[in-house]
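Please go over the structures that come below.
What follows is chain A paired twice: with chain B in the first complex and chain C in the second.
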Partner chain A sequence: MRVLPPLLRRKPAVAVLMCVPLFALILGLVAYPFFHALFLATLNKAETAFVGLDNFTFLFGRQTFWMVVRQSLLFALVAVVFKALIGLAAAHAINTIPTKGQRKWRGMMLIPWVIPPALSTLGWWWLFEPTYSAINWGLTKFALPAVPWLSDTFWARFSIILVNVWVGAPFFLIMYLAALKSIPGELYEAADMDGAGPWQKFFYITLPMIRNIIAITTLFSIIVTLANFDIVRVLTQGGPLNSTHLFATYAFRVGIESGDIPLGAAVSLFMFPMLAILAFIILRNVRRRAASLA
Partner chain B sequence: MTAIPFATAPSLRSNRRWALIAAYACLGIFVIFFLFPPYYMLVTSLKTNAEIAELASNPWIVTDGVTFGHYEHLLTESSFPRFFLNTTIVTVIVVAITMVISVLAAYSLARLRFWGSGVLATGVFLTYLVPDTLLFIPLFKIVGWLGLLDTYWSLILVYPTLTVPFCTWIMIGYFGSIPRELDEAALIDGANHLQMLLKVFIPVALPGLIAATIFAFTVSWANFLYPLAYIYSESEMVLTVGTVTTLIKGDVFHWGGLMAGALLAAAPPVILYAFLMDYYIAGLTSGATKG
Partner chain C sequence: MGTKAAASRRTFIKTAGAAAAGALAAPYVKTAYSAGKLKLGLWDHWVPGANEALEQILTRWGENNGVEVTVDFITSIGNKLLLTAQAESRAGSGHDIFSHAFAMVPLFKHRLVPVDDVVEDILSTQGPIAEISRFSAFLDGAWKGSPSPTGTLSYPTVARRDLFLEHAGIDLTELFPASDARDPARIDGWDWETFREAAAALHAAGRSFGAPLATTPDGSAWLAHLFASYGAAMVDEQGELVVNSDAVREVLEYLIRLAEFMPNSVYAWDDASNNRWLISGEGGAIFNPPSAWAVAKRDNPDVARHVWHCDVPRGPAGRFRAFTSFFWGIWDFSENQSAARDLLRYVAEPEVVTTMLRASQGFDLPLIRSHYDHSRVWAEAEPPAGVLYNYAMLGDERTVFAGYPAPPEIGARIATQQILPSLAARVTQGGDSISDAVGWAENELEGVLRG
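Our next item is the complex of A and B:
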């Protein structure tokens, strides 16, 4: 038996060398900025003096900040639920029709997810424009009242969620469709033999089989939605009266636009505990799946 | 318990028929929901300013004649071509950097184990979960120290933090699924690491490489927060920020030009997806659906 040249498996130096750029990137532009953010958050506005936790206690005392917290959570939860439901319904519908036409339908439905969100939101902004709103034109044709899409707190929040669902539902569609396709067809045939109806098949075969992917996709989407910036920034800039601000847009307003970098860093950092918990659950999930594969 | 054995066959067929009708109805509604905003953007971009400003006619169709004036103006008399060029430069460089870093690292992490490689792989996955909105303020300071504020080089510096982790992650998956017999055969033939990577791994994992490239392209093309925070001069702007901030002039909204700009700026990723969608979806879902 030939002995392999001791080239590959025994050369950690080469292996480490190949990872150096990646390591440098993570260390220099992710880990270091994170610790620098922690440091920044303890400074005063001019960044000349250490103020401890004053930035945080200042935020805790502000009503606006609590509104941002509530709005971010409400936004993320409601948007993710609707994205998941629409994605699941659309994936299920595509999976029902003959295979020949599936690609075409899927392609059409992925368009919102392909357009850069900042740009498609411009289109929505125009659809919501108070005087010219083409949606309101349609509503009044059906004798419905025109809606103050972006100027009323409730409707502004509604609009932000609507646009986020529009952008994000296709991602769920893709993940669910791939999951549905991985379910063995024999399971459904067996269920047919036993006389199961479509709802029974859905609840007793489909859902349990794709439960894992629903979980991972949902957790991942909560992270992305909670950290959203583009939609709110283009559509309402946080208004009316700061009622649609999310952590990211509020941090941008405070940190970049008002020039209080330490306070902005503090606002951003509030996302971290939530993201860390979600990331921990995802990682455990992914690890468990990897272990069950090996 | 009683009639089921006899009813099964015809009811199955009619069940199937109803399921199909329901599915198509559902798809029709969803397609309208997903496509009406881009459709309306297209219609607006083809209208004359007079028709856009006028309130009486149906806004959903062009009634007053199609014009390409907005596109013409955009391409000849605005900074739009500059934005397009800047975006292209940034995207091409970021994609190149991303692919080099991730392919090297993924090869190493998938095949050559070393002390700490498991931790690094986990770290890559966790970095992928870090959103751009968490670190844009400290990165603003770093970009400033490096003297890159208000240049698109700041984007070339920070975009890899968004692209590299995911690309490395999917390349680890693709490289890991290559049978070991293949590299052992190459080793026996006396191949070194570089030859192995270029002649065996990259060709075999080409679908993964395409998926990773599309991801890096999309992220660099579409990002909005970093250019909005770090770039102020029109000559350095990229498409997303340039379209959103400079095409809106004063209090008069140039809706036709704005919509034309948004559509043109969105065209490259949309076209790319039209051709390479299947690769991308395979790359995206491979990790999640196995097992």
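Our next item is the complex of A and C:
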């Protein structure tokens, strides 16, 4: 029988060795791009000289940039709130269905999340098409006025949020459904015996029991929603009047389309410190709650 | 023995090293006949059949010269052509030859090899190039692109002659006949005010004029000729910010009055929307190359037979037509630059240009003036007879592009950041006062001008 070399007989060494692929992936796909973006954000437009934080201070003087900041926050907050509410309601609805019938509903509800967003958003674009919108065609059949889905600032914002909610709500649904299923049934039985109503059970059993999942899901969704690109790119390209640009699409416009990569990198990095703080606070609370439950 | 063997190995390595160094330093003598591969990333043509014709030309050239030619047609919809160029220029790999619309040559000049020898050969044998094209591709004292056989286009007025006659009382076929019998005095009256009155009449008849006021290249293009005709510039030749001017205020005031008669959807249009607007029969006029007519001929012949291409209206500073020059450039990472140069020379020959003119049904405008004489494609296009006669500029129009007359690098960024349509939309839809909108443009342009 062959004997393993001494190094491989030590458990920590094996553990480190087995983590190497993961470290390599994180280094190559997360750390390197991040530090390269940081590096780019400190260069001048021609990428020939180090300019420190000049790109960031320059951005702070741009009207359009601050509009993008406001829009991104509005987009993320409204979309995440609606995704969470719809996901929670849908998860409850599905959870009340007998287990046997749940699978098909889960499958159907997940479809928007499973389809590549660029493709499904193209379908939405056909529905919202500026001149020949399929929805407007239907509205006019009922003598209702056509809606400027993509050509008016309010409706364009509404449209991108609507599509984001449509795509993202199933993620909340599946997470909440899993959390709901993990709540021991005895808690509800005891509450029933104590005469608790549905709302009391929801507020005093369900919500506290899935609070960690809500926090993690919300954090994850805020990050993903703030970084959204494809929906805006396909539906509005940031228009009209730059009113639907998010950080990613504006960074793309400035950096890739206009050839100012350092400024584009600065735009895309702008939210990083805030998201990092948010992530730290939420994850710390999750850890504390988990520890107290244990 | 051992010493001898070692000496031979050393001698061999030395000889082989010297031979390899000599081979690397030696000039590429046999040019295209030395075979190899060439990968081309070319603009995907709007006109049905044009891509196939170009691919045939390139394949035949490859077969005759022992070069394996691969062509990828890349759409400009969604700026994919620009994005692909950006990706290739940063990665340092991709195609050997790439199609560059006017704004792309200045943006990528640092990665394009000078092709002075090629372009000077072409110009010396075939005559001068359009001045606006020279402005876009002759950068820092060197040609960074060579004339493309496809893609170069202008934005004439594309109007429904029946609707103009019926609702606005303007006979476009008489004003812009399909012959040399133009009457400059009458054409002088074809100005933006006349156009606006016609637009109002068309709008009242439910057949509005439409042009994008959205961040799309067609939006920048038609606004470029409108702004130029009022003498309104964003940045001047010296690179100075001049957007805060009476001319800019005047053209914005005009736009507010014109936009009343345009569909609200123009704020979300892309480059295909104006085509669809005309082809559907709903639109009365657009500013576009002949692609809308070419597709209408196939998809809605009843509309196509009423379409007429003619000059752009005149403004206080003259008559301008937006013009987009296309060049083919060689990336500095191309491994077959010699063959690429030969191909650039070949595709600028009159026979190739004429073939592509016919294949594109007159859409492509040659960059070299003498090539106009080789083709009667615009005169012969139909229906209706003479529909494209005035597509090749015959009158007093001067060519312009978004960002002109700013230096090319700045002009390119004004175009790619779509500052003109955004400025126009701010006053026509966004509710900004003209002063606020001009202030916004100044703020944006500072970003364009920064070093």
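FYI, the second predicted complex is superposed on the first by the 247 of 294 C-alpha atoms of A that agree within 3 Å, B and C clash if a C-alpha of one lies under 4 Å from a C-alpha of the other, contacts with A are read in each partner's own complex, and residues count from 1 in each chain.
Keep in mind that, in the parts below, a contact is a pair of C-beta atoms (placed from the backbone, for glycine too) under 8 Å apart; a residue touches a chain by one contact, two chains touch by 3 or more.
Small disclaimer: the values here were computed from a predicted structure and weren't measured.
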When the two structures are overlaid on chain A, which partner does A:Tyr132 contact: first (chain B), second (chain C), both, or neither? both
Counting residues of chain A touched by each of chain B and chain C, the higher count belongs to B
#### Entry: First (chain B), second (chain C), both or neither touched by A:Ala89
first
Checklist entry - Who does A:Ile256 touch here: chain B (first), chain C (second), both, or neither? => result both
Message: Per the contact definition in the header, classify A:Ala143: touching chain B only (first), chain C only (second), both, or neither.
response: neither
For A:Val16, using the defined touch cut-off, is the partner it touches chain B, chain C, both, or neither? Pick first, second, both or neither. first
Q.
Just checking: does A:Phe272 make contact with chain B only, chain C only, both, or neither of them? Give me first, second, both or neither.
A. first
- Message: Once chain A of both complexes is superposed, is A:Asn44 in touch with chain B (first), chain C (second), both, or neither?
- Response: second
Chain A positions within both the chain B interface and the chain C interface are 131-132, 233, 256, 261
Seen from chain A, its contact residues with chain B in the complex are 2, 4-5, 7-9, 11-12, 14-16, 18-19, 21-23, 25-26, 29-30, 32-34, 36-37, 40, 86, 89-90, 92-94, 96-97, 105, 107-112, 114-120, 122-124, 126-127, 129, 131-132, 134, 137-138, 166, 169-170, 174-175, 178-179, 182, 192, 195, 197-198, 213, 216-217, 220, 223-224, 227-230, 233-234, 247-248, 251-252, 255-256, 261, 264-265, 268-269, 271-272, 275, 278-279, 282-283, 286, 289, 292-293
Touching chain C in the complex, chain A uses residues 44-46, 58, 61-64, 130-132, 148-153, 156, 233, 236-242, 253-254, 256-261, 263
Within the complex, chain A is touched by chain C residues 78-79, 82-83, 86, 90, 107, 214-216, 263-270, 273, 276-277, 280, 282, 412-413, 416-417, 422, 425-426, 429-430, 440, 443-444, 446-448, 450-451
Note: in the complex, chain B contacts chain A through residues 4, 8, 12, 15, 19-20, 22-24, 26-27, 30-31, 33-35, 37-38, 40-41, 44, 52, 55, 58-60, 100-102, 104-105, 107-109, 111-115, 117, 120, 122-127, 129-142, 157-158, 160-161, 164-165, 168, 183-184, 187-188, 190, 192-193, 196, 218, 221-222, 224-225, 228-229, 239-241, 243-244, 253, 255, 258-259, 262-263, 265-266, 269-270, 273-274, 277, 281, 284-285, 287-291
